[in-house]
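Every chain is named by a letter (A, B, C, D, E and F) in the order it is written, and numbering of its residues begins at 1.
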Amino acid sequence: MKKIMQYEVGEQVEVYLLIKSASRGTASNGKPFLTLMLQDQSGEIEAKLWDVSKEDEGNYIAEKIVRVVGDILNYKGRIQLRIKQIRLAQAHEVPDIAEFVEKAPVPKEAMMEKVTQYIFEMRNPNIQRITRHLLKKHQTAFYEYPAATKNHHEFASGLAYHVVSMLDLAKAIAGLYPSLDQDLLYAGVILHDLGKVIELSGPISTSYTVEGNLLGHISIMVSEISKAAEELDIHGEEVVVLQHIVLSHHGKLEWGSPKPPMIREAEVLHHIDNLDAKMNMLDRVLSRTKPGEYTDRVFALDNRMFYKPTFHQ
Amino acid sequence: MKKIMQYEVGEQVEVYLLIKSASRGTASNGKPFLTLMLQDQSGEIEAKLWDVSKEDEGNYIAEKIVRVVGDILNYKGRIQLRIKQIRLAQAHEVPDIAEFVEKAPVPKEAMMEKVTQYIFEMRNPNIQRITRHLLKKHQTAFYEYPAATKNHHEFASGLAYHVVSMLDLAKAIAGLYPSLDQDLLYAGVILHDLGKVIELSGPISTSYTVEGNLLGHISIMVSEISKAAEELDIHGEEVVVLQHIVLSHHGKLEWGSPKPPMIREAEVLHHIDNLDAKMNMLDRVLSRTKPGEYTDRVFALDNRMFYKPTFHQ
Amino acid sequence: MKKIMQYEVGEQVEVYLLIKSASRGTASNGKPFLTLMLQDQSGEIEAKLWDVSKEDEGNYIAEKIVRVVGDILNYKGRIQLRIKQIRLAQAHEVPDIAEFVEKAPVPKEAMMEKVTQYIFEMRNPNIQRITRHLLKKHQTAFYEYPAATKNHHEFASGLAYHVVSMLDLAKAIAGLYPSLDQDLLYAGVILHDLGKVIELSGPISTSYTVEGNLLGHISIMVSEISKAAEELDIHGEEVVVLQHIVLSHHGKLEWGSPKPPMIREAEVLHHIDNLDAKMNMLDRVLSRTKPGEYTDRVFALDNRMFYKPTFHQ
Amino acid sequence: MKKIMQYEVGEQVEVYLLIKSASRGTASNGKPFLTLMLQDQSGEIEAKLWDVSKEDEGNYIAEKIVRVVGDILNYKGRIQLRIKQIRLAQAHEVPDIAEFVEKAPVPKEAMMEKVTQYIFEMRNPNIQRITRHLLKKHQTAFYEYPAATKNHHEFASGLAYHVVSMLDLAKAIAGLYPSLDQDLLYAGVILHDLGKVIELSGPISTSYTVEGNLLGHISIMVSEISKAAEELDIHGEEVVVLQHIVLSHHGKLEWGSPKPPMIREAEVLHHIDNLDAKMNMLDRVLSRTKPGEYTDRVFALDNRMFYKPTFHQ
Amino acid sequence: MKKIMQYEVGEQVEVYLLIKSASRGTASNGKPFLTLMLQDQSGEIEAKLWDVSKEDEGNYIAEKIVRVVGDILNYKGRIQLRIKQIRLAQAHEVPDIAEFVEKAPVPKEAMMEKVTQYIFEMRNPNIQRITRHLLKKHQTAFYEYPAATKNHHEFASGLAYHVVSMLDLAKAIAGLYPSLDQDLLYAGVILHDLGKVIELSGPISTSYTVEGNLLGHISIMVSEISKAAEELDIHGEEVVVLQHIVLSHHGKLEWGSPKPPMIREAEVLHHIDNLDAKMNMLDRVLSRTKPGEYTDRVFALDNRMFYKPTFHQ
Amino acid sequence: MKKIMQYEVGEQVEVYLLIKSASRGTASNGKPFLTLMLQDQSGEIEAKLWDVSKEDEGNYIAEKIVRVVGDILNYKGRIQLRIKQIRLAQAHEVPDIAEFVEKAPVPKEAMMEKVTQYIFEMRNPNIQRITRHLLKKHQTAFYEYPAATKNHHEFASGLAYHVVSMLDLAKAIAGLYPSLDQDLLYAGVILHDLGKVIELSGPISTSYTVEGNLLGHISIMVSEISKAAEELDIHGEEVVVLQHIVLSHHGKLEWGSPKPPMIREAEVLHHIDNLDAKMNMLDRVLSRTKPGEYTDRVFALDNRMFYKPTFHQ
């Protein structure tokens, strides 16, 4: 079925969409209207619903699915959907809210198997036990949450997808630089962003929690490792080193790590994280760009635009 | 009794001193010698001990007290002690190593009483219980450790002294701005640097521990609060807010706080900490400066030098 | 009486308001209209006046008080006032323009008394005479001007209110750090922003004067001290030190002080100024925020948002 | 045979060493002396030669090999060699100056084979021809030069060794992110630092040439690609893209790239370069560090020190 | 004839204008409209053309000249042209597209003569030959291109005009500091921005080429000098020095020069370039400003606004 | 007569020198010695005087002229003078202390004439009267002081020499950009650094005064202009504009100007000042450098080194 982002300006649409957010305004004629952000897996589009009743305001709210008939138009250079008809979708019509949110290109089960295998390969029991304990504690959220609210891996299961890509990178790099401690590196990859399951509100309409805003996923996870070690009665230096690897993975104080990497594997983790995030962002913007053209400026990549060479098909 | 820093160049000394550090070199005649840093409460002085035997090297090591006879001389613009005679002090000769280290100008007991009183005044039971629990857990070290290895309050009991001064400042400020939550502010003051009892090695010859270097006192304390809340079974928002206040007290990411202050009292705590540290540094450098003259450049104060006006006696 | 900011969207209003600014536009039908910024003590609101005559344009100008009947509506997410009727208020209708501008929460007389008392307490005659001379020279403006056009203390008598708060803070701090020279500190507090009476245009519709833009209040005041000393025939080092304290009170070159603080009291003045300005900004934004919510981002506080804990009533 | 860096303080040595540099001074007795930096593959050591004749000054110059008898001593905390006897090595005594300089751990032939294979795998003929042409033009130097005068890969054949490691990294990464253009990436790796064969003076006593100082290896190589394309009569967009990849490989303007990466492969090249350089630096400093200890501060790694965990053997 | 920028709001116009850009939108009534940027030598103005046909969309495109009848109106504080009638100008009606673009205030021939004279005065044959060769190669474009797409000298022949002004400045400065090498300085001035003829698309609707975006005019010119020297068989140090002077003329790495000036004349060139660009920007903004008023903020001058003193007529 | 900087290592000297500074130390044999900095117009050299008596310490002090016999030697890479004989010069022996300090290459009288002529040419009476008044007030010092203690024009009459060079530059530039107000520019040049006569201690052994350290020459001069205008009863906008031009001449807040240039002539003054200072520094370091070699790194020029091309004789 054709997705909302695949329609051109001028085409008529008749689709199911998820309401991402709804906000009320008053038109110049004094009547209330709603500005709706509507989405499916292909992306999101703005729509105005004019002359709304109190009942409309109560119906059309975030996380509801609607059936919409309308036109795609260009309003001040941005695509917009003019609604002609709208109604709430009935329970039997649409299978699952998950069909309307973007998600990782790999199924959860495949990711779980891969992560389990990497943990299984660890030889240092302290590192292995702490990693397994924390992953188990937050398992459901880990495989559902995005890795961020925007910038990179901002889709359902994005967190696990990011971790799995990084584990493969870590393995390749550890193969080329044999001085690296694979256990530490794998544990670092698995734990580095796990605090996001507390920092963020969930996989849909993702926002920051109070803990997320006031402490951040790095500090949250450092405390979690501390508590895990206490529960498992582990006292080796591995505990502090694992905390440090998570703590320092943003690489610099001004990027939110209160200590810079001071362990070889911490330095490598920072680079792997960086590289995978950037590849994800670049692949997304370049997939929307034709050869011989430039992407939009990407804020998270120093506001650069990127060129797709004409000899790249 | 005259302290080592009170002697002038050219004078002869005969004193007990604590060895702060000792390092071995080889003289141009091929014989080994020791470079000793010797100190009492007034400060420290470098001394060379020439032609040392293996036995000397074993005797004259850090944290030993020695009896020294020698002259004060000026070597390349710096004061130095030329040793004529040296021997280890005997157990009965000197009362206590504490006599040789600089310490806070207020006795421990007075500080303890004051801190206890401030905790007693708290009305929010969650804040009060966490603060009391953590202070009790680290009580001995809290009243003995310095607040830093250098820059400010770098003397025995400096940590508690810094906290007590800040509590008084906090009280005065809370009096002038009644919107402030005194409980939070007092708890923030008491806990903000408490992680230093794990970050630093102890009150004498203070250095950084592995945990101190890899995690830092801020992250250490954030984990400690988390564990305290778990032990005390406290779940209110006070836990996250206390963690945030400790987390953010350096004020900016590039100064080591992974989040900037986002709570009114966190902002105030940062200012109080800053002001008390600066007053301590300024009082120390200006006490060594005559009216109409400049202090040396102070690295921790943006490398500024300060002027003492001639009308200041 | 209900103030303009206390009305909700949809309500009808019938009030006196002060015109803060008025600008002319041409509507899509080719007819001129006015965009009016209207205010009372509670804040300001935008209004459009359509199809205006030449006479209207002459009447409805900045600093006039008008009687308005209209509706509150939400235009693109911002509150707006739709004017149904408007006329100039007659002289007998409204007591005083001062009723329409926000002002300090303490009466002028109380502030004057306090400042006078602080000057009276000074013991250094040079410092006292210069301070008294300059305050007297600019007395009327000092008690009427705001402390800034925006960010903090941006209301009538804001300058004096800021100074009085800082004097109380200075007294509290000087009590805790007895090495401080109270006279210098009080004089610094009183004079530090006095140049704003030349930098700014006045208490209503405040803007920058040419002198304000080209020289700034710091340099203006440094010259004023120089001239005062000449008039009073004072030659002691107090003159240069007072100039320095004013000169350096922004703390860093990049914040507009051509020299950083190089006197103990100059350093303290910078901190007191900073703290009082921040407390004022925080109190204002937090008074508009409910427990469990965040303030808007505050540009002058590094664009941070602040959280109001749920346990703060 | 025992290398110079393997001797302890106090030991006597009798070895061949290469003079890296020699500078003349006058002793306090008015007689001239030489300060020699002497080296073998293990590192370098300072030595003083006292009371030198005119003949000595002429003999003991950079790039000569000498036979030295002497003692290792500790002078102001640094290792020094006291010379007892010295003479120029005779031609038949020492096989090759290359024995005295540090070099890559992989033989040249193996590296040449690998690079040739990567070029062979390229499918874009424009990219392949330019790469092959430039490598052939600078082939001898490419396999002999260091990658830098200090910081990383600062040894003979360091440039080729760095390139070969990066090619393997590039292959592993391209395997994980199939959107990458392998030809561009391999060509970028091979050419990115090739300008160093013009920027630097050679493999021994390496310094910067005038072209190196005034233009830098990046600009030199951009011109070389331009000239190569002209000679080979290649006009496709590949020319500009290859120039860009070399131009931007330092990643930021302030790091010497006049444009930041604006092509996906340019971004990846920058990361691979960075990662390999850092791994090389870390391996070197950590190989000199015992478990449970810290390395010295590494200037090129933001002046950080690194910790070697105790559980790393 | 009256130019478009000389009309006031409310006046009716009947003029020929050049379409600078045209973009299509859909009005709230669902019909397409065009937003046209129209210009003549005095500047540019936005206009809306409502209810356009497919034919209109094909006719009214960039670089076409149109005859327009309409009104000047004020739309949200910006001047706008409401079109009443529009048609394409016929070939015989308007002499030349050049009449509609802003251009340098000096005729091309006068500039050519001046540049030729400066080259003639050079005494170093290597410098003279390279300069003459490159100027000849790019001669037509050099006298037609602007110096930039915005900020300074952004008009037809702006590049040559900028160079001629700088040559005169260079001559005056070389007269005052006789240590300067005039040949180098003149060559540096002539070549420094010559790469813009490849970096930019042309004198009308100027944008960046792919080479411009990926390499920049500095690197382009450094390669050009390299190739010129090869063609002319010149091998002296002048080649590297000329490349360096061009390379470093932005003054700092973060401003796009991969090396800072390391030759006296390179330093001077940077200052002359800077000064002439700033004088051009200042003259333009101040010519639109009345005495006693401020210019708008100028982004390229650190976002400053400038004051025109009242005593400047 | 041969100057001290013209001697080579190994040569014997017998010369008059000025003592720039003298400091006392204690040798390893316990006897006091003096470290003397001795200078003539060619530069300065360090010398040690061993085994000094109390009388020697009283005789050999700053600003005395001595007759010295000794040898030039190389001590740790720096030139040093070993004193064999020393005595105070007698009054009749040496003409004038001025013979021993470096000074401007143009006689005072010529500079005075030039400055007078520039003031004479001013047409705005307010600008002319203030400039003349202030120059007259500080005339003697203006023609004797250096422009700085180091970096540029750090020699007797350096201030006037710098001003005269800048006046000539200003005239040349004003000739090329006729929109410039010559009067303002000349007045700005003459007054911009005049505050240095209060900031610095004098032409010999120059150091900073208390006013210099606490206020700086910029703020000092802004006050001076203010007082001059009051004395001359001048009230036009020229006063504020002149103050602004002086205030802003360092160009940026972080370089010590509390406001950036906001007047066209202020911007130009900043550039002229910068250019003349840099030319002076470059001429000095390049005069000591041979073609084909590099200067030392110049701290005030961003720590760059400069290359002297081989084709520069």
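The definition used in the following text is that a contact is a pair of C-beta atoms (placed from the backbone, for glycine too) under 8 Å apart; a residue touches a chain by one contact, two chains touch by 3 or more.
Chain labels with UniProt names: A, B, C, D, E, F = 3'-5' exoribonuclease YhaM.
What you see is a predicted model; the values in this text were computed from it and never measured.
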Quick check on the contact network: minimum steps from subunit B to subunit E?
2
Kindly list the shared contact partners of subunit A and subunit D, in label order.
B, E
Identified repeat of the A-C interface (over half of residue pairs identical), from A-D, A-E or A-B
A-E
Taking each chain's centre as the mean of its CA atoms, subunit B sits from subunit D at a distance in Å of 44
For subunit B and subunit C, let me know how many angstrom lie between their CA-based centres, rounded off.
41
On a C-alpha centroid basis, what's the spacing between subunit C and subunit D, in Å?
61
Quick check: what residues of subunit D touch more than one other chain, meaning two or more?
210, 213-214, 237, 241, 262-263, 307
Touching pairs - complete list by chain label:
A-B, A-C, A-D, A-E, B-C, B-D, B-F, C-E, C-F, D-E, D-F, E-F
Which part of subunit B faces subunit F closely enough to touch in the complex?
9, 71, 73-77, 82, 294, 307
Residue set of subunit F touching subunit E in the complex reads 124, 165, 168-169, 172-173, 175-177, 179, 181, 236-238, 241, 252, 260-264, 267-268, 271, 274-275, 278-279, 282-283, 286, 301-302, 304-307, 309-312
Complex interface listing, subunit A residues touching subunit C:
23-26, 28, 30, 210, 213-214
As the complex stands, subunit E meets subunit D at residues 210-211, 213-216, 218-219, 222-223, 226-227, 230, 237, 240-241, 243-244, 247, 253-259, 262-263
